[in-house]
Each structure stands twice: as C-alpha cells, then as structure tokens.
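Next come two complexes built around subunit A: one with subunit B, the other with subunit C.
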Partner chain A sequence: MSGFILGHLSVFELVLVNGVLAYSQYIALRAGVFSMATAGFAALGAYTAALFAVRLGFPVWAGLFAAALIGAVAGLVLALPLARLRGVFQAIATLAFVQIVMSVGLYWESLTGGALGLNGIPKLVHPGHLLVVLAIVLYVLRAVSRTGIGRAFDTIRQDETVAVSLGISVVKYQSLAFVLSGALGGLGGGLIAYRNYSLVPEDFGFPLLIAALSFVVLGGRNAVAGPLVGALILTLLPEVARPLADYRLAVNGVLIVLAIIYWPYGVVDTVILHWRQRKAARAQAVAEVVP
Partner chain B sequence: MLTLNKLATSYGRIQAVREATLHVEQGELIALIGPNGAGKSTLLNTLSGLLQPTNGTVHFFDQNITGWRADKIARAGLLQVPEGRQVLGPLTVEDNLLLGRQALAGRESRHGLEDVYALFPILRERSRQKAGTLSGGQQQMLAIGRALMGGPRLLVLDEPSLGLAPIIVNQVFAVLQTLRQSGLTILLVEQNASLALAASDRAYVMEHGHVVLDGPSQNLRHDPRIIEHYLPSAEGGVSARAAA
Partner chain C sequence: MFTQQLLNGLVTGSTYALFALGFTLVFGVLHVLNLAHGAVFMVGAFAGLYTVTTAGLPLPLALLVAMLVGGLISVAVDWLALRPLRQRGTTEFGAIISSLGIAQVLMSAGQAVSQTQIMRFPFGTFPVVIYQFWGLRISLLQIVILLLSLMLALALLLFLFRSDFGRQIRAVAISERTSSLLGIRPGRVYFQTFFISGALAGAAGVIIGLAFNSVHFLMGEPYLLRAFVVIVLGGLGSIGGALVGGLLLGLVQTFSVSYLSSSLSDAIIYSLLFGILLLRPSGLFGKLHIETRVVRA
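After this line comes the complex of A and B, so read on.
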C-alpha cells in the first residue's frame, strides 16, 4: 500500500490540491451563490504565493497565508456588486472576474511574466503540508456546518424568501461565503504554485473553472466529504484510464452529464441517502415485528 | 405597536393595495379578512418587507420601518409565518426550529425548543424526521413553532387554515388562543371569515385593495354586510354552533 502511494505521490498531491479548490467551489454553492470565481481566486493566490517565495523569499506557510488572504480580500470585493445579482447573472459576473484576472496575468508582464509566466518557483509543498492544509480546511468547514452559519447557508440556498422571513441577511451570508470561497481558492492557488515549479495564466482559465465545478457536482454538494471524493475520482480517472487521458475533458464532460442525470446529488450524498433509507427500512421492519 | 398609514403597494401598474390604514395594539389578536385578490397577502408582504410600498408608512413600536429590508424587519421581532407554510423539507424538524433563532439577533425568546414541543407535542415525536415528510398540518405547526423560536413581538400568519383538514385547523387555532392568552400579539390573515372572527378581538375587512370595514369581531359577526358576503348560511351555522 505504502509502495503504491509513494509511486503515485504526485497524483496524491494533485488530489489534495484539487480537493482544496473543490471546497472553494462547494462553500459558494452551499450558500446558494452560483459562483465560478474559484479559478480567479486560485490565480490570484498562485501568483501571490509564487512572488512572495521567489522575490521576497518568504517561507511556505507565510506564502500560503498571503495567498489565502488575497483570495479572501478578492472575495469580499467581489461580493459587494454580486449581492445585487442572482443565479445565472452571478455566474456570468464571476466568469468575467476570472477573465479579468487572466488578462491581468497576461498583460502585467513586469509582475507576472506575461504569457511566459513565472518559472523556477521552488517546490515548497510536500504531501505532509498538503495533509495539514486539508485538515485545517476540513476543520473550518465542519465548524461552519456545526454553527448556525451552515444552517443559514442551507436556508438561503433552498429558499431565499424563507431565509429573509427568518431574519437571515442574504447579503451578509453570501458575502461570508464569497470570502471563504476566496480564501480557499487562493489557498488552493498557492498550493498549485508551490507544487508546479511554474505558472502561466492559462492554468487558471476555463478548464480549471469547469474542473472545480465538476468536483462538487460529481462528488456531492451537501456532505463535507463530497467535494474531496469528486476531486479524487476526477483526478485519478485519467491516471487509471491512461488510454483515455487524451480525452480527459470529454470524459469529464460525459461523467458530469451522467452524474446529473442519474446521480443528481453526487456520489457521496447519493450513497448517504441510500444508506439512510436502508437503515430506516430496517428500523421499520424491526418495529413491525416487535409488537 | 403596529401602525399602517395609507399604505399602498403595486405590482408594476397594478395596484394591489390602494390605501390601507390599520393598527394593532399590544396583546391583541387582529384578523384581516376579505375575498381572494383583495390584497391581504400583498399587505402582509409589504409590512414584512418582502415588497416595497409605493406610498404610506409602516411603524413598528417607535420605529418607522417603511422600506426596511425583510431580514432586518424579522430581526426587529415582526415575524411572519408565510402562506403555504414553507418549511425546509430536507432539514429535520428540529433543525427547522433551531433556524428560527436566527431572527433573535440578541433578543430573547419566550419560546425555546421545549416550549414549542409542549405546544405541539407531535413535533417532539417527529423531531429527527425531515420536515418534508410531515403532513400539511404538522408543517403548519412547524412553521408557527419556528417563528416562535425567533421571539416574535408581533406574530403574523398568512392563511394558517389553507388546505388543512377541519380538525387540524381547530388544533392550530387552539394554539393561537393559548398564545394570545400568554400575551402574544397576533395579526392573522384568513379567508375563512367565520373562523377568523370567532378567534379575534378586532377585525379589518379588505376589498379591492381598500380596508372597507373594521371593528370588534363580535360586532362584525352580526353585521348584515359581513353575514351576507362572508358568512354563508352553512358556514355561519357551523360557527354559531361552535360558538354555542
């Protein structure tokens, strides 16, 4: 087993990095925000972390913290105009944000290296770091779920009218979701920077945006484990099915369509649902036998 | 405590509420009755901030809350139980109730989980169940219980009898009486006029966006105009028997 993991360490790292990005997408969707901004947050975080390490010689944790921070700030700034928009209009606005960030990456050559990107970034993160980061992320998400914040997010997502009639401020909680999504996206970007040796703006375009969305749709939107499982499946798939690797985007697309049609709640949520129903059925069977 | 002064609300060019003036005093149970399309629900949605008035003012205690956002009004203690109940189906009964606390925002509620379970024992039995699996009557009880968790200073109910079996309606109204006797102020919108007039202290009658009549419910029940339009003989007979 350990031999297998060592042999696939690089893939294992990628799963964890993608997991963090998946959680950035998850937290936004959970609060009912149709955000596609994760790729943009990741770009900001990645360039920030890379520049901090290359030009300023910051240590790994400081660089990652800066990446998360700039993501959170971007999320907050983005939340202000987006509070006025809903649904698909939010999606389009966040898409524009991703495009703007990519353009800045391309044209601010003195800072970002333009289309050639940033090269020679030291590999600062190792699987240990990634596990620690993911543990922190999961801890934060659990804390959010356990407190009233998670319940407020769920209420807004399910019915905004009910949410406001209960005194829940949609603007406040969706802004909070954007800040958290931004911080996680930035953090994920920082991890990408410290793992990939180089960065180019195209790394953070449409494919990454779709990937982040796919992790959550395939994995599941409710249970906290969902996005990580989605990231695991979609990251491992091209490795396991090597002959299909060239078609990975097409395969991903087919998988998403199949998931939406047959398992609309995602892998984890569907499994949990089945498990609960079986438990309930068994409890009922016992109850019928006993009296 | 609540005063609406010449309130008007429009959907585009259609004026749903033209001029509504009413007031609610502390401890009263007020009914707002009228036919379908009279503007009752529009009026409620305006005072709870879901719709913005085109004219007039809403005062709640000593504050002018006209134009406030709905969530802020809810946190001020003006809590509405929406029409059609609108519980959150995928969440458990208990989670739905706990959500009600969001409206507290530092205020205190006289009703905690235990108090709500005491009012509606069926909710205690179903506390771990998903709210979507409850019957219509149980969902109505849950919606009321959820609003109570938010410590209402004024509880507003939109058509609580809608689509419920008569026996369930009686249970719900019995609880409303209990709440009123404990001092809670209630504003009730009902199409079932006999029921609403039997339960309330005072009532307002709305037609075509206007408040056309108001007074003590006792008097309105014997007002020929009300009897003719709102208390058809069969229903009047039922309510008379219920009152006797």
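After this line comes the complex of A and C, so read on.
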C-alpha cells in the first residue's frame, strides 16, 4: 500500500490540492450561494503565494497564509454585492469575477508576467504539508458544520423563506460562507503555486471552475467527506483507467451528468442516506418484535 | 477612424447577438442557463465546415446543414441532460451542471474529430469583396453578417409574437401547468425551443467560423462567456434585448480595444457585467420582470 502511494506521489498530491479547491466550492454551495468563483480565488491565492515566495523569499506557511488571506478578503469584498443577487445571477456575477481576475492577470505583466506567466517558483509543498493543510481544513469545516452555523447554512440552502422566518440572517451567513470559500480557494491556489513550478492565467479559467464544481456534485454537497471523495474519484479515474485518459473531458462530463440526474445528492450523501434508512428500518423491525 | 470603429463594432456585436439569441431563448422559456450552447455552436461550425470541405457543397447549403445539425444536437442535449431534471422538478442548479457535462462530452468529441487542430474554410468559400465609401471599408462578408443577424433576430421575434407556435412557447414560458391544461403539449414546445436555439447556434457557428476563418473545438467558450454579458445587458430571456445587448457589447469591446488596450478589454467588459448585475439585474431596459430572487430546491 505504501509502495503504491510512493509510486503515485504526484497523483496523491493532486488529489489533496483538488480536495482543498473542492471544499472552497462546497462551502459556498452548502450555504446556498450559487458561486463559481473558486477558480478566481485560486488565481489570486496562487499569484500571491508565488510572488511572496519568489520576490520576498517568504517561507511556505507564510505564503500559504497570505494566499488564504487574500482569498478571504476577495470573498468579503464580493459577498456584499452578491448578497443582492440570487440563483443564476449569482452564478453569472461570480463567473464575471473569474474572468476579471484572469484578464487582469494577463494585463498586469510587471507583476504576473502576463501571458508568459510566472516561472521558476520553488517547489515548496510536500505531501506532509498537504496532509496538514487538509487536516486543518477538515477540522474547520467539521466544526462549522456541526454547530449552528452549519444548520443555518442548510436551512438557507433548503428554503430561504423559512430561514428568514427563523431569524437567520441570510446575508450574514452567506457572506460568512463566501469568505470561507475565498480563504479555501486562495489556499488551494497557493498549494497549486508551490507544486507546479510555474503559473499562467489560463490555469485558472473555465476548466478549473468546472473541475471544482464536478468534485462537489459527484461527491456530495452535504456531508463534509463528500467533496474529498469527489476529488479522489475524478482525479484518480484517468490514472487508474489509462485508456480513458485521452477522453478525460468526456468521462468527466458523462459522470457529472449521471451524478446530477441519478444521484442528485452525490456519492457520499446517497450512501449515508441509504445507511440511515436501513438503520431506521432495522430499528423499526426490532421495535415491532419486542413488545 | 471613429466611424470605421463604429462599423467594426456593429459587425462584431452582431456576431455576439447571433450567438446569444438561442441562448436567451432557452432561458426565457425554461429559466435555465444552457451552458451547452457554446458546444452546440461548435458542432454546428464543424458540420458546416465538413459540408464545404469534405462534401464539397456550396456555402448556403452548408449553413442549412449546420442549422439542422445544431438543432438536432440541441434537442439531444435537452433530452439527455435537461429533461430528466425537469421531470424531477429541480432545474436551476442541476441544469447548469448537467449542461456543462454535456458540453464537455461534445467538446471532447470535437477534439477527437479535429485532432485538436484549428481548421479553416477553403479560400474562396465566400467571395472576398471589399467596398469603400466615405472613407470606410467594409467587406461583403461583414455586410452579410450584419444583415443575417438582424434578419434572424427579426424572424425569431415574428415567430414568437406573431405565430401560433410562438404563442404556445410564450404560454409555456409563463406556466407549464396552465398551458398544458389549455391543451398545449409542453414536450413539443420544449422540442421546438431547443431546435430553434440549436439551429441559431449552428448558423452562428458557420458565420463566426467564416468571419474569423477558424473553426476549432474550443471556439464556443469565449462566445458563451460573452453571451452572459449580452443577455445581462439586454435582460435575461429577452430576444430584442439580446440583439441590442450584442451590438452594445461589440461597440464597447471595439472601442476599448482601439482606444485603451486589447488585453484590458476583457476586464472592462466583465466589470461592466458586474456593474449591471448590481445596478439593474433585470437588464438595461428592465421592462421584463424576471424574478432575480429565486428559491432554490
């Protein structure tokens, strides 16, 4: 087993980085924010982390912290206007944000290197770092989802009117979710920067946005484990099934269409639901026998 | 200089409008974003190109073939990706995801067929004629693009507002249940809507492929992203709005490229989109009262 992991270290790293990006998408969707901004946050975080390491010589943790911070700030700034929008309009606005970030990245050559990108970024993250980062992310998300915040997110997602009538401030909680999404997106971007040696603005366009969405849709939008499982499946699949690698795009597409139509709750949430139903059925059977 | 840019802007804008017409039609009827529209557009362009190159048929026929193929593919997208969701009643989020998925499948097919190459229409497919008057230059192709976009938009408006089929489509757009009580078959209306939308995308594919003389599997993406700006400018679901929005976007882009910087024009366009979403989410004309606050399932 350890031999397998060592042999596929770079895929293993990729799963973890994708997992962080998936969580950025997850937390926004969980609170009912129809965000596509993860790719934009990742771009901000990646360039911040890369510049901190290359120009200022910051150590890895400081660079990652800065990346998460800039993502969170971007999330906060965006949250205010997004609170005025709903549904597809939020999706379009966040898509516009991604495009703005990308075109500024292309334009601001003195800082970002323009279309040629930033090169010669040292490889600073190792699987150990990634595991620590992911553990922190999982701890925070679990804490968030176990407390009233998680319940407020679920209520808002399921029915805004009910949420408002229960005294839950939709704007406040959605802003919180968006700030968290920004921080996680920035962090994921920072990890990309410290893993890939070079960055170009096109890395953070439509394909990354679709990937982040697919992880969450396939894995599940409710349980914390969902996005990681989604990232695992979609990252490993082309590696495990080599002949499919050429049709990666098509396989990804077919999978998310099937997922949204047949398992609308995602793999993990569907399994959990199934377990709960079985448990309930068994408990009922016992209750019928006992008296 | 200024009037020449104005003219160029209008031509560019009319290609945006042409692309956005089918996209906004689907949104107007079903209230979902069909993100596979860009891929259908690409497939239409491929169909038109192969009709000219492989089959050796003339351009007008290629345009028809592209419209037919685009329409059928678009109907298939609806059947495979959107109809199952509609039957379950959860559309808004699901439709975005599943149309994205189908778009990826179509793009992958396009990539395999074209072997990731940029293809071109053979020289002379469209006669190169350039007119000069009042110090302006305009090619025959540009005139055709401008006129064709206007004609298709007008035809669509006439169809929607002056025909029986159009009346049915508008009824279903307001309420599927009520219109089916009145004897309209929603399934047939959806079929028509997607066919028309796809046919418009196919026509746009051939025309845009000709205008920039490049056809490749990723050509839909930038147009899809532009189409968001167009339909937000014009109001989501509004046909006339898409036409005006497209022309306006073409002008903004042409002027920002020629007077500011070509790499900054995207930032300007999408900032414009952001600003309009905040100030006037129902579009510049704002007479359509589409709910901007939707309750999600």
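Note that the second predicted complex is superposed on the first by the 291 of 291 C-alpha atoms of A that agree within 3 Å, B and C clash if a C-alpha of one lies under 4 Å from a C-alpha of the other, contacts with A are read in each partner's own complex, and residues count from 1 in each chain.
Throughout what follows, contacts are C-beta pairs under 8 Å (C-beta built on N, C-alpha and C of every residue); 3 or more make two chains touch, one makes a residue touch a chain.
Every value quoted in this text rests on a predicted model; they were computed, and no experiment measured them.
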Worksheet item: Which partner does A:159 reach: the first (subunit B), the second (subunit C), both, or neither?
Response: both
Item to complete: With the two complexes superposed on chain A, say which partner A:264 touches: subunit B (first), subunit C (second), both, or neither.
Response: second
Worksheet item: Of the two partner chains, subunit B (first) and subunit C (second), which one does A:55 touch, if any: first, second, both, or neither?
Response: neither
Discussion item. Quick check for you: in the superposed arrangement, does A:169 touch first (subunit B), second (subunit C), both or neither?
Written reply: first
Worksheet entry | In the superposition, subunit B vs subunit C on subunit A residues touched | C
Item to complete: Please work out whether A:279 is in contact with subunit B alone, subunit C alone, both, or neither, and reply first, second, both or neither.
Response: neither
Discussion item. Output check: A:148 vs subunit B and subunit C. Expected answer is one of first, second, both, neither. What do you get?
Written reply: first
Discussion item. Contact-wise, after the overlay, does A:126 reach subunit B, subunit C, both or neither (first, second, both, neither)?
Written reply: neither
Worksheet item: Of all the subunit A residues, which ones make contact with subunit B and with subunit C?
Response: 159, 161
Worksheet, complete the sentence: Contacts from subunit A onto subunit B in the complex sit at residues 148, 151-152, 154-155, 158-159, 161-170
Discussion item. Please output the residues of subunit C touching subunit A within their complex, sorted ascending.
Written reply: 32-33, 80-81, 84-85, 88, 90, 92-94, 96-98, 100-105, 107-109, 111-112, 221, 225, 228-229, 232, 236, 261, 263-267, 270-271, 273-274, 277-278, 281, 292-296
Worksheet entry | subunit B residues within the subunit A interface of the complex | 48-50, 69-72, 74-75, 79-80, 82, 86, 88-91, 95, 98-105, 146, 150
Worksheet item: Which positions of subunit A touch subunit C when the two form their complex?
Response: 32, 34, 81, 84-89, 91-93, 95-97, 99-100, 102-104, 106-107, 114, 157, 159-161, 206, 210, 213-214, 217, 246-250, 252-257, 260-261, 264
